[in-house]
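Structures given as C-alpha cells follow.
The same chain A turns up in both complexes below, where it pairs with chain B and then with chain C.
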Partner chain A sequence: MSSTDTTPAASDDASGDGTDAGGDDSLGRRALARLVDASIFERLGIAVASTLLALLIGLVVVAAAGYDPVLFIDNMVYGIFGTYSVADLFGTNNRLAQTLRPTVTFIITGVAVAIAFRAGVFNIGVQGQFVVGGFAAAATIVSIAGSLPGGAAGGAMVIVVATIAAIAAGGLYAMLPGILKAYAGANEIITTIMLNFVASGVVFWLLDAYFRPGGTFFVRTERFPEHVSFPQPIFEGTSFSVVGLAIALLTAGLVFWIMERTRFGYDLVTSGHQADAASYSGVDAKRTIVATMTFSGMVAGLAGAVYVIMVLSYFSDPATLPTFGFDAIAVSLLAANNPLGVIPAGLLFGGLESGGNFVNQSSDVPRQLIDGVVGLVVLFVAAPELFRMAGKRMDVGGDEQ
Partner chain B sequence: MSSEDSERGSQSDDGERSTADVVSDAVYDNRWRLFGVVATLLGFVFVAALLTDVPLTKLVDIEFWLGLPYGDVFTVGFAERALQAAMPIALAAIGGLYAEKSGVFNIGLEGFMIFGAVNAAAVSWILAGGSASQLDLWIALVATVLLGLIYTAVFAVLTIRYKADQIVAGLAVWFLGLGFGPFTAVVMWGGVSSPPLSSLDTVTVPVLAEIPVLGRLLFDANPLLWVTIAIVLASYVVLYRTRYGYWIQAAGENPEALDTAGVSVRRVRYAAVMFSGAVAALAGGMLSIGIGNGFTGTGTTMVDGRGWIAIVAYLFGNYNPILTALASLLFGAAQMLRIQLGTIGVDLPSSLLEQFPYVTVIVVLTLVGATRVPSAVGESYESEE
Partner chain C sequence: MSGTDTDDAGAEGSSTTGEGSSYAAQLSGISKRFGDVVANDDVNLDLERGSVHALLGENGSGKTTLMNVLYGLYEQDEGTVRVDGQVRDFDSPRDAIDAGVGMIHQHFQLVEPMTVLQNVILGTEPTRGGLVDEDAARADVEEICERYGFDVDEELDTPVRELDLGAQQHVEIVKSLYRGAEILVLDEPTAVLTPQEVDGLFEVMAELTASGRSLIFITHKLGEAMEAADEITVLRDGHAVGTVSANAASREELAELMVGREVLFDADDRTTEPGDPVLTIEDLQVIGDRGRPTVRGVDCQIREGEILGVAGVEGNGQSELAESIVGLRSVADGTVTYEGTDITDASRRSLIQDGIAYIPEDRQSEGLVLDYDLERNALLGNQTVEPFVRRGVVDWDAVGDHAESIVEEYDVEPHDTGAMAESLSGGNQQKFVVGREFEHDPRAIVAAHPTRGVDIGSIEFIHDRLREMRDEGLAVLLVSSKLEEIQQLSDRIAVMYEGEFVDVVDPGAVTEQDLGLLMTGNELDDGSEPDSGTTHGNGGDDQ
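Our next item is the complex of A and B:
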C-alpha cells in the first residue's frame, strides 16, 4: 500500500530478483513473481502435486466423515467421463458435456484472473464482474430480442449485442476498483471482494424491480427466446455447445497473444514484475493498473455472457449462481497465471465440478467437499516451498538453505 | 543498512505515547476523511432513494429532511444492536492487527471465522443437541478457540516455515471455510445450515444496570461483550505497554534487530498468528451460538464478509486496538442502520440497504488510502544464527 517506503528487510530476502520493495503493494508482486519465477517443469510439478495432495486429503475427509472412499473415486470417474471405456467417450454420452460445460466458464474466468495476477494486481472480484456481465447480457437479450427478426441471423445479432454489453459492463465494474487502487491507494483485494457483495445485492434488486415477469414468484428474468442460443452440432439437448468451448479457447489464445506479443501486454506484465524498469521505460503505473483491471473485468463479463446464453437461458438471483469467479483464482494459480495453461487447469476443474455433482446425486457425500478440495489446491499452490523441500529430501543438491 | 534499520525501529515505537494523543492525532489526521465518509454515506442513501420510487420532490424538500425524526435513529436499541454487530468484527480485527504487526498478513480471517462459526455450532450440538445449557455453550466456545489455534498453527507453519505466499494462502483459507464449513454442516445436520440452536443469555448486573443508557448498553448485555471489551483493552496494553508487545512490533518492523537482541522472530510470529486465529474463531463462534441461533451456510455463509471488513477496521484504526474497536463500531452501525432508516420512514428495498456496510467499507478504504504497513510484512525471516 505505501509505495514510498523502501524496506531494507525486503531487499535482503528478495535475493536480488529485481522486484521492487515497499509495503503491501509490492508484497503481492513479489509473491506472484516468486510463483512465476519457477521453471516450467517445476510449475507443472507443483500444480500436479498440489492437485493430487488436495484430492488425497479430500479422500481422507470422505473416509473420516464415514463415507466409502472407493465408491467416491468410482463415482468421480464415472461422473467426469460418463463411461469406463475410452471407446464410448464420444458416443451418446452426455456426461462429457457435463464436464465440458463448466470447463468453458472456468477457462474464461480463469483467463480473467490470469490477466490481473500476471500484471501483479489481485482481482478477487471476477465473481462480481461475471455476475454484472451475465446480468447485462440477459437484460439486453430480454429487452431487444422481441424487436429484432427471429431465426438464426436475428439470434446471432442479439447474441453479439448482448456479449458486447456484458464485456462493457464487466470492464466498467472492474475499472472502479482499479481507479480506487491506482489513485487512492485502496487495496484492491478488499474493494473487489466488497464489490462482489454489492454486485450480488444490486443485481438482485434490479431483477426484482424491473425484470421479473408479472406474477412470478422467483426473482429471475423471463426465459430467452429459442433462437437466442448457440448452435449444438453435437451433444444436442444438453446445455453445452462447442461454440462456447470455441469462444473459451479463442479467448485464452487471444489473451496469450496480447500478453506475450503486444506492447500493451508487455507493459502490463513488466509493470507487474519489474515496476521500476517499467516506469523507466515510460509506462504510467497508475494507468496500467486501471487498464489491467478493466481488461480482466471485460473477460469476466464475457464469461458471464457465455454462461447465461449457453447454460441458463435466463438470469436469476446471483446468490444462487456457482462461484466460478472464486474457483477461477485456483484455475489461474494452477496454470501459473499463463492464459494457455488455464485451458488444462479449466478442464481439470470442469472434471471436478461434474464429478462432484455426480457424487452428490448418486451418494451421500456432499458436493461442498469439492469446494474444500479447491481451497486445498490453492493452499498448496501458495506454498511451493513445501514441495521443494519434499523434493530435496529425495534427491541431493538444489540450492542453499 | 543497519543504521537505517535502527532509526526505523525507534521511529515506529509508539510505546511512550498516551492513548489520548493517539486518538486525537488520528481524529485530526483523518478529519477530512471522516467528513468524506459521512458525506458519502448520505450520498449513497440519496442515490439509492433516487433509483427507487421515493419521489424526487421529497428528496430535495428540505422540510422533509428536517422533519425526519432523527432522534428516532439514534436510539439506545440502535446502539445496542450496533455494539453487538461490532463485537465479531472488532475481535477478528484485533487478531488481524496482531498478526500483521508481527509481519504476517493474515488475510484468512474470514475463513477462520467461518470455521469458528461452524465448529461452535457443531460442538454445542454434539454436547446437547438443540438445547445446550449455558455451560455447554461456553465449553463449545472454548473448544472452538482451541480448534482455531490448531488451524492457525498449520497456517503459521505454511506461511512462516514454508514461506507460503501470505495472500494466496489467506485466500485459500477463505475457500477452505466456504467449502468445509457447509460440508461439516451437511455431515452434521443434513443441510448447509444447522437447526435453531440455543445462544448465550443476556446477563444483567444488579444495580449497575440501573444506570440510564450506559447501564442498558454495558451491564444488561451479552457476556461476550465484556469478553470483547476485555480483549480490546488487554491487547492495547500488551501491544504498547509490555516488552512482548514491543517484540511483536519489532518482528514486523525490524526483524534483524529483534534477532540481534536474541529473541526468536519466528516464535513471536507464530504466537501472533495463532492469537489471530483464536480470536477469529471466537468471533465466528459468537455469530453462531453467542449472539445468533445456529450456523447458516448458504451463499457466503453467516460470516458474510465480516472478516474482510475486520481487515479494513484495523487499517482504519491504524493498527491501534482501541481505534480499531471504534472503527468496528462504525461498521456495526452501518450494518444496523437499515433497521433504523426503516423506522423513520426512509423506505428503501432491503436488497439495497444490505449493501450499506460493504459500500461503507469501500468508501472508508478509499479515504484511508495507502496506510503505512509494518515494513517487513509478507517477508519470511531467516535467522542467520
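Our next item is the complex of A and C:
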C-alpha cells in the first residue's frame, strides 16, 4: 500500500484503523476517533478518495492481467457519465441515463432495506417484495389500461392505480414475515429469504397461466400501451425518466422525515436501538415489527412499480430480473441505514453498474475482472463507514450528529 | 475487635524492614489513570496487621481500582505497593495470591455446578501420584472451617449453585484462606446479603482478624463501615480524603467526607394523611420469564399520599409485580384497579397517558436509550403526549424545551441536552429518568430501585422528590432492595417472599432484623402486626 500515498485521507484511515484500534492512545484509536467525528463533507471526501484509491489498485490488477488500464478507466468514466465535459453532462446523454436508471431502483430498494434495518428487523426479502410489487403493477396495467381512456391523463391514471397496487402488494407480502416474527417467533431472515423463492415461483405461475398472451412462447405479459409510461422531458428515447428519479428522491426524503419527525419513526428507530426502552415507553413491540416490515415492503413494492413502468414496460419471469433487492442491502449498509445516505450510495452503485457494463461492451476485459474492480470500490468506500460504526460502538470520539 | 488483636498478630509478623512491621500492606502514593480519567490520585492506605480497614466511597470513587492494583489486576502508574514491608510489583493476581493477598469479588468467581470442595481447591489441588488427593484436601478444608467457624464443611459435596448467596460467599472466603491468604480484600461483600447474613459475615470477619488476618472491606454503606471496621479511609473522586478511626467517626462526618458537602439524614416530616385508594391490587398472579409463577396472589391498596414500600430479597417477584402494574408484563390472574377503572390488561401506552409513571429497575436498558442525546430521550414515554407530539408528528422544539427543563430542575450534569445519555454518570442518568417521569404529571408512581447505583447526593435528591410527590397526594409503590431506603420513605412496608406478601408492617414498629426475618420467609413470633394488611399463609411450598 506504500505506493498509494497520493490519497492520504483514505490510506491513513484504512491502514491506521486496522492495525491498532485497541490501544489506549494509539494512532489507530486517534484515527478512529477522528473518523467518528468526521463531518458529512469530510466523509464525502473520504468516499471520493477511497474510490480513487480502489480504482488505482484495480487498474494495477487490470494492467497486470495484460489489459490496457488507460482504456479501462477511460471506458469506465465514459460509461458512467457519457461525456468528459461537465457542460455536456445533460442533454441527449444516453450513457448518463444508463447510470441514473439503475440508480433509481437502487435508491428505492435501498430505502426499503434501511427502514427495516433501522428498526432492528432484517428484511432480506426486499427482492421478493420488489418482484411482487412489480408484478402487481404490471398485472394492473395490462388489466385496466384497455378500458380507460388513452393519452397522458389516462396513462397517469393507470400509473397511479398500478403504483398503489404495487405498494399494497409489496406491503402485504412483507407483512406476512412480520406477523410470523411478531406472533410466532419465526426468524425474519429465514422467512424473508424463503419468501423470495415463493414470490418468484408464484409470480412465474401466474404469468404463465393468466398473463401470457395467446400463442407466445416467452413467459411474459404483453407490452404496456405506449401512453402508460413516465414523461421524458430529457433523456428522450432511453428507458430512464427524471420522474423515476424524482420518485426515488422523494421517497428517500419522505422516509427520512418519517423517521426523524414522526411518532411512528421515533418508535421504529427506538425499537431498533433498544427494544426494552421502546417497550418501556409504550411501544407495542409486536405491532412495531409488523408495521416496520409492512412499511419496508411497501417501499420495495414501489420500487417494483417504478422499475416495470420506467424500464421494462412489461413483466417477465422474475428469475430473469436483476437482484436489486439484494444489492440494496449493500446500498443501505453503505449509507449507514440513513435514508438520505442511500441517495449517494445508490448513485455509486448505479455508476459502477453502468460503467462496468460499458467496459464490458467496448473492450475485451473479462466480466469477472470488471466485477472485481467494482467490488474493490464498494469495499473501499464501505470500509471507512464500517470503521466509523465500529468506532461509535466502541465509544471513541466526541459528540456526533 | 480492634486494639488487642493487633498485639498477638504482631507476633506472627515475618519479614520486617523497620517501618513496615506492623502493617500487613501499605499503598503509598498510588495513581492510576485510564486515558484521561484519573481513577486514583496519590492515594495512601496503611493496612494494620490483624485489623479491618474499610474503604468507603461512592460508586466510581476509585475503591475497586485501588484494590485491583493491590491484587495485581492493574498496574499503577505511580506509587508503591508494600506487602509485609516489602515492595511488591504484582504482574497478575497469581503473584498476589502467592504473596498472600486474596480478593473476594462482588460477583463470585465460583463454578456453580461444581461442589464446594472442588471450588475451594480449584487451581491449587493437592495431588498424589498425579491424581487429586481429595482426602488431604478435605481434611485441610475441614480444618480451616473448624478454625474460623464456617459451617460450609457440612456441605463440601453440595454443588455451589444449591447454596444461598451468604454461603457462597463463605466458600469464596474459605477458598482464599485455603490458598494461604493473609490479606483479604472484600469488594462490597454485603451487597447481596440479608441483614442476618451481614451479621454472620461480620462475625466471620472478626474471627479472621482475631487469628491475625488483615482485611480490607470495600463498601459504600456508612453504617457497615462503622460497625465492622477498625479504621476507615474515605475515597472521593480518586482521592483519599481522610482516614479516621471507626470509633471516633460520626455518621455525618463520614458522609460529608464522601460527598464533599453536608448531608442531611432522614429529613422526613410527613404532613398529609393517606386518602382514597388509587391503585387496588387483588389476588394478582404473574408468570415470570422462566414460565414459573413469580407473583402468587398479591393483594394490596396504595392510597393517595402514601408510599407503600415493597421489601424483599431480590428475585421474590418484586420486579414482576411492578412490571405487571405498569403494563409491561401480562397478568395471569387477578385484577389491578386504578382510580376505579380495571387496568389489568391495559397497554403500557394507555397507562402512561392515564398518569402512571414508572421508574424502571434498569435505567440503562429501559429508562434511557443510551445512544440518544437527552433531547431524544426526553421524548421516551412521551410519544403520545401533547404538545410533544401532535397528530403523530414530533415537535422537537417542544421536546427540546422539556429536556432543558428536566435538566435544569433535576440538576442533571452536564447541563446540556445534546449530551449522549451514555456519557452521563449513573446518578445523573437516574435524575434525568426520575425528572422525566415526574414531569408527566402522574397520579401514581411505581418506582423500582430508584436509587440503585446512585451517589449519595442524588439519592437524597430523589428521596426528597418522592416525598414531595407523596405529599402532593400521589400514590407511590416503592420497590427497593435497600432496607434503609424502604424504612425511611415508606408509610407501610409490604414484605415479599416467594411471590407473596408475607406481611404488611408499619416501618416504625419493626427493626431491620424483623424485616430480615420476614424477607427470608420467617414470621415474627411476638405477633406484633401493627397494620392489619394482608397476611398470606406462608405456605412453605417451594417449587
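As a convention for this text, the second predicted complex is superposed on the first by the 291 of 401 C-alpha atoms of A that agree within 3 Å, B and C clash if a C-alpha of one lies under 4 Å from a C-alpha of the other, contacts with A are read in each partner's own complex, and residues count from 1 in each chain.
One rule holds for everything that comes next: a contact is a pair of C-beta atoms (placed from the backbone, for glycine too) under 8 Å apart; a residue touches a chain by one contact, two chains touch by 3 or more.
Every value quoted in this text rests on a predicted model; they were computed, and no experiment measured them.
*Asks:* For A:277 in the superposed arrangement: first (chain B), second (chain C), both or neither?
*Replies:* The answer is second: A:277 touches chain C but not chain B.
*Asks:* Thinking of the overlay built on chain A, is A:389 touched by chain B (first), by chain C (second), by both, or by neither?
*Replies:* Only chain B is touched by A:389; chain C is not.
*Asks:* If you stack the two complexes on chain A, which partner ends up touching A:160: first (chain B), second (chain C), both, or neither?
*Replies:* Touch status of A:160: no partner.
*Asks:* Touching A:187 in the superposition: chain B (first), chain C (second), both, neither?
*Replies:* In the superposed model, A:187 contacts chain B only, not chain C.
*Asks:* Name the contact category of A:246: first (chain B only), second (chain C only), both, or neither.
*Replies:* A:246 contacts neither chain B nor chain C.
*Asks:* Could you figure out whether chain B or chain C reaches more residues of chain A?
*Replies:* B
*Asks:* Do chain B and chain C land on any of the same chain A residues, and which?
*Replies:* 24-25
*Asks:* Applying the document's contact rule, which stretches of chain B touch chain A when the two form their complex?
*Replies:* Going through chain B, the ones touching chain A are 1, 4-5, 8, 52, 105, 107, 158, 162-169, 171-180, 182-183, 186-187, 192, 254-256, 298-300, 304-305, 308, 311-312, 315, 349, 351-352, 354-355, 358-359, 361-362, 365-373, 375-382.
*Asks:* Flag every residue of chain A that touches chain C in the complex, lowest number first.
*Replies:* Answer in residue numbers: 24-25, 261-264, 266-267, 270, 273-274, 276-277, 279-284, 392, 395, 399-401.
*Asks:* How about chain A: which of its residues touch chain B in the complex?
*Replies:* Going through chain A, the ones touching chain B are 1-3, 5, 7-10, 12-13, 23-25, 27-28, 30-32, 34-35, 61, 65-66, 122, 124, 180, 184-187, 189-191, 193-195, 197-198, 201-202, 204-205, 208-209, 319, 323, 326, 329-330, 333, 366, 368-376, 378-379, 381-383, 385-386, 389.
*Asks:* Hey, which residues of chain C end up touching chain A in the complex?
*Replies:* Residues 34-35, 328, 347-349, 351-352, 358, 360, 362, 365-373, 376, 379-384, 389, 392-394, 396, 418-420, 422 of chain C touch chain A in their complex.
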